[in-house]
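In what follows, chain A forms one complex with chain B and a second complex with chain C.
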Partner chain A sequence: MRLLRRQHIPLLATVGMLIVLFSVASALYPGFASLRVVANLFSDNAFLGIVAVGMTFVILSGGIDLSVGAVLAFTTILIASLVGAGWHPLLAISVALVLGSGFGAAMGWLIHRFILPPFLVTLAGMFFARGMAFLVQAQSAVVSHPFYDALGDLRLQIGPKAYLPITALLFLLVVLVGIVIARRSRFGRAVYAIGGAEASALMMGLPVGRTKVRVYALSGFCASLGGVAATLYMGSGNPAMGSGLELDAIAAVVIGGTLLTGGVGSVFGTLAGVLIFGTIQSALVFDGRLNSWWLRIVIASLLLAFILLQKALARSASAHP
Partner chain B sequence: MSDSDPALLSLRGIDKSFPGVKALQDVALRLRAGEVHALMGENGAGKSTLIKVLTGLYPRDAGSMRLAGQEISPASPRQAEALGISTVYQEVNLIPALSVAENICLGREPVKWGCIQWHQVRQRAVKALQRLGLQLDVTARLDTLPLALQQMVAIARALEIDAKVLVLDEPTSSLDEGEVEALFSLLRRLRGEGLGILLVTHFLDQVYAISDRITVLRNGRLVGEFLTAELPRLKLIGQMLGREPDAGQAAAAPSTDLTQVSRPVILETKAAGFRGGIQQLDLSLRAGQITGLAGLLGSGRTETARMLFGIDPATTGSIEIDGVAVPLDSPKAAIARGLAFCSEDRKREGIIPHLSVRENLILAMQAGRGPWKKAPLAQQTELAQRYIATLGIKTPSPETPIRNLSGGNQQKVLLARWLVMQPRLLILDEPTRGIDVGARAEIDRLIAQLSADGMAVLLISSELEEIVANSQSVTVLRDRRAVGHLQGSTISVAEIMKWIAHSGEEAA
Partner chain C sequence: MKTDSAWKAISTWFGGGSIIWTLLGLALLLLVDAVWVKDFFTLEWRDGHLYGTPVDILHQGSKVMLLALGMTLVIATGGVDLSVGSLMAVAGAIAAWALTAGGMSAASALPLALLVTTLIGSLSGLLVAVLGVQPIVATLVVMVAGRGIAMLVTGGQILTLQDPTLRFIGGGYFLGLPFTVTLVVALLALTLFLTRRTAFGLFIEATGDNETASRFCGVPVRLVKVLVYAFSGFCAALAGIVATGNIHAADSARVGEMMELDAIFAVVVGGTALTGGRFHLLGSLLGALLIQTLTTTMYNLGVPPTVAPVPKAVVIVLVCLLQSPVFQARLRTWKKAKTPEVTA
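Up next, the complex of A and B:
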């Protein structure tokens, strides 16, 4: 048994990249290498991260989910307006999570039942959810409820002046659960199998249809949970929030070493991908001189580099089996 | 006659239609416990369809299925498996990117509190492979194994459940002789344990080596069930073809043409090779001559083809065409110099399943013209119709998607694709793999015709009989090196095997 396998190289490259980026930023900017900055990495990127974990499963299964940003926005404004109408926040959150999962499941069912391309079904889903978000309420609204404020103030001290707020905890929890589902559940393994070779998975007797529906339900759930995290983080809901978030999530997943064609990748890699996003963003803030659009340019280069790396690995693998 | 036998699995009056085709009509099959039952038939006889009905991939239109006396109607492979019907398909249907252990246990992993117990998965996989006499690193990714071992993993998976019926669809097409023997001794043991084994294969020798009974299908109908010991080969072929085969045709080896040596050499390799593929290869391919490339699995047969066609370019030595050294560093360069290559992997490297017969057929020609000079539709259709007629491709129309054709007819379309280019050298890698007797004879005849018209042909096959029957010159490979060259009347199966076995210690 070899300790280092070819398929681990993308993940190692991602983690290595994260370490390099963080070290360079720490060397350049005094105060960067601190627990507080690390804690902020998790809290500032919590909703992107939560959404990206759901996206990881979709991409592993060989699909794509473009609706997540819109579903997140819908969730934030739904919670804001339900709480505004006097609902208890817990009830509002539950309703939002059920709606998000159900919406994902419905898209998954369409994709499976009518053999539709996921790209188009979730594109329609994206427009639909965005429209519904504006239908609920066209302007952003503050979520104000004593329980919600208390929830938002929950935090875990991890060092002097360093706290993990509830959003960061939620993100970490989702990552952990995601890792367990991906590695240790039959559902998770079926997702890998379907993304690797769908026809074979069917012939091997795996529940292909059910798994697909669940994958999109899971992504919808993560998108609305991301919405919950967003309302806790910002204290408000906004129907225009999260446009382009689905693409950030896809980028984070791919930088995390998951093949866009499905079947290969990991939730842990996605965590690293999200943290790379966050590190670049924080470094730009620390620098203060550079325009924030540099984030996009750096991410673009990284994305390209990782796609090339994967291609090179795939080629060398097929040349030397 | 056998109605009183207690059948383990009994299918009766099975009908199955697809739009425009009656794939199965009133088909019956009786599989007994403790027998190996061969299912035989030409392409389009309905073997694959019957198996897919049996394993729940296709719903049947009519008829009944009974397993151990119980009426069954599996609606998916999963349900069939749960009933005890396990299937290994012709093309390895596993997940390349997952580990060996996982491929064996996928979908039935042992779980505790909803969590897969990986150490148990690995133990079960090791045990399942041991039953086949194999020891593998079960944590390795499946796609790091050669095709033959992947096939064994698929069988291990099928046996890992408590199967009553084991269906094997062309299990031996990617195995070499030793592996086939290992598989057969395993099948005999399983038969002894009371398993009912349904075997689909095109290899007559294997049918007679292993099976107890034979069921023959033709054109979607049942021809009959026979005891293998009571059915002579010629009679079996007659049943499959629906006519008495003309006995002389199969055995006739092409006579040696002494003038062949003087035919012009089209392509010559001089100590050509590439790392991990083939080494120090000297090969002369002459116009109007069929050169066979023989050797065991992994001896470098396909690698040679890939090198000549520029997929894995030679890194050492040289390749000369018409006596001039040329860099064959891409398929495009090879095509430009008049080479054509029919790959062994029809499904992945050959056909484009959703495109029509016509579109598949003109693909190479269109690629040669470039994207801006599209051949007029009338010309395309004319070409397609001409080759459909000359090669006898059985298709409802040139516009039928190629995936709806049988394997033999797909192969003919691929041949036609290259013939349109009027190549000078045609490389055929396993042109008759997974193709039945009748279509096989047609393809062999076609190759002989092309060669007679002056084309150089390099024929790669794992079946020595096919090499011997078709080639005027044979190069024998062993461990990625050429170990022998045979000409004319010295070509025989025994001689080739001698070279493979002894690497020719003064064997000639």
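Up next, the complex of A and C:
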């Protein structure tokens, strides 16, 4: 029972941090504590959140994926140019999702088959996807199709003047599916096992290689789904989009209580991490005096604080087994 | 016989073999340039300076070469430094701030920038060595924070500068070549001296090879780690000052963007394994030259700069595969399986 509680400390700290941050911001800025701000937290950070859910699985398995920002950009510009060429949006989206997942699977195969360091392979993947994005189309392009506009206008009213647009709904759906996969599927269990101790997972007869390939495929899928959300949010595709997104996603995952060494963490924590990220960003916008580069410094400090908390917990756990 | 042993001495001095592939790659690229790019090797002596594409490659590649020297030592200890690009921006921002708002002369502004940036760099070393944070994470924190600090120092603006010393460092000529070439040679000499004439190099290799064993042998593992990250910060500061002098402005948002990746790439292509324990300083410089030649070649062939990362990515994966023991083993078994068929 004690061990269970100790494992939950990072997650509790994250949720506590989110509540404290939101309360402080509500006290400081009039109008912050409204349903509309909450709804915007979900819609403004939808594509970051979707990408972060995929990243959670990669980090849980003990890896890292630096290519997500570039894959997202590639997806947005691919959809924009395919729709521009007269394709039906649904077909364009399907092609983009298949390409994103396939690209992730290829990276996972290289990492597993040739025992290459994940950060180097996904770094190369980032260069590759970014370059390919510019090869598809060098300028940003508007996605204009009646079906796409109708899709972008879909929204759920949750209160007076507060709407959850389709991007936010997509984000919540991905989080729910992510939680189910992590906690209720064989694949999820294998991911946790590999991240905890790969050699043991192998000896237990878990399909280590297949799971690793699937983890990167899932992250590639989430990155391109994030790209779909981004086109719906912006109404356009841009090959330069999402640079630095991989770092924001990693930060959200770590702040959400997932250990970077793998094996410990949760998709729900990542949701909280993304919302913390969004709350700080909204608070900076509400304030208006502080510049946006404070976000970087605050995020870095939070990241450091959470890593140190995890270190302290790991140390106390090994001191009292 | 004598030349043989001399060659051996030289190659151990630089870290032994395996730069042959880097040299081959570079030679192959230069061959492509010689055939397809017009006037690639044309050098011209004008106004006491040497002009031409190869000189340009040396000048443009100098920033990555400076970063690669520091990165080599970090990777040799089994770590990696993702913060160098941000630290370049920090150094540029501090130098620009000290010269304009601070009213300092270059003689005090540049050492200040070098010192502060080196201290910030050693911060990731402290995180890694004392608190046991993984290198990727520790330097990621410094990378994210560093960019914010640089923006804070310049107030989010691009500070333009007209300081003659800074301009000379970034774009001046010395002995007929860009001054940056002298800077790289000087830093290489310093690094070689530190690692091959003192015990520091041995300590780095020992730490990267087997940290626990080194600690039991009395190697000051923690100190070594802090020092390599500090040195990497120092190299990043130099590169940042060069970049700032080059464009006569401190652009905190863009200076050094993605440079950390080029630096890691240069080190890996140069034959230093990411697992640590061995390093090739000269190989890293050749790796940096290889990237710059690749970039310049693609520009000359009319490939848009934004698409240029694609071939770079392919080269990274190929080099990684060539270095992977699994791939080498498969290649060997494939050859063995193939040979009997040919003879039969």
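Methods note: the second predicted complex is superposed on the first by the 317 of 321 C-alpha atoms of A that agree within 3 Å, B and C clash if a C-alpha of one lies under 4 Å from a C-alpha of the other, contacts with A are read in each partner's own complex, and residues count from 1 in each chain.
Going forward, a residue touches a chain if its C-beta (ideal position, glycine included) is under 8 Å from a C-beta of that chain, and two chains touch if they have at least 3 such contacts.
This structure is a prediction, so every number in the text was calculated from the model and none was measured.
J.: Clash or fit: chain B and chain C on chain A?
T.: clash
J.: A:Phe119 contacts which: chain B (first), chain C (second), both, neither?
T.: A:Phe119: touches chain C, not chain B.
J.: Given the touch rule stated above, what does A:Val274 touch, chain B (first), chain C (second), both, or neither?
T.: After superposition on chain A, A:Val274 lies in contact with neither partner.
J.: Per the contact definition in the header, classify A:Val83: touching chain B only (first), chain C only (second), both, or neither.
T.: neither
J.: Go through the superposed model and pick first if A:Ile64 touches only chain B, second if only chain C, both, or neither.
T.: In the superposition, A:Ile64 contacts chain C only.
J.: So, does A:Leu202 touch the first partner chain B, the second partner chain C, both, or neither?
T.: first
J.: Considering only touches as defined above, state whether A:Phe134 meets chain B (first), chain C (second), both or neither.
T.: Only chain C is touched by A:Phe134; chain B is not.
J.: Where does A:Val213 make contact in the superposed view: on chain B (first), on chain C (second), on both, or on neither?
T.: Touch partners of A:Val213: none, neither chain B nor chain C.
J.: Spot which of chain B and chain C makes contact with more residues of chain A, would you?
T.: Partner touching more chain A residues in the overlay: C.
J.: Check whether A:Ile50 is in contact with chain B, with chain C, with both or with neither, and answer first, second, both or neither.
T.: After superposition on chain A, A:Ile50 lies in contact with neither partner.
J.: Flag for me the stretch of chain B that overlaps chain C after superposition; candidates: 24-32, 222-230, 294-302 or 366-374.
T.: Clashing stretch: 366-374.
J.: Which parts of chain A are touched by chain B and by chain C alike?
T.: none
J.: Which residues, counting only chain A, touch chain B once they are in their complex?
T.: By the definition above, chain A touches chain B via 1, 5, 7, 180, 183-186, 189-190, 192-193, 196-197, 199-207, 263-264, 317, 319-321.
J.: Which positions of chain B touch chain A when the two form their complex?
T.: 57, 76-78, 80-81, 87, 89, 93-98, 102, 106-107, 109, 111, 114-116, 118, 137, 139-141, 143-144, 146, 157, 276, 312
J.: Can you tell me which positions in chain C touch chain A when the two form their complex?
T.: Going through chain C, the ones touching chain A are 80, 127, 131-134, 136-137, 140-145, 147-149, 151-152, 156, 261, 264, 268, 274, 304, 306-310, 312-314, 316-317, 320-321, 324-327.
J.: What residues of chain A sit close enough to touch chain C in their complex?
T.: By the definition above, chain A touches chain C via 64, 110, 113-117, 119-121, 123-128, 130-132, 134-135, 138, 239, 247, 250-251, 254, 260-261, 291, 293-297, 299-301, 303-304, 307-308, 311.
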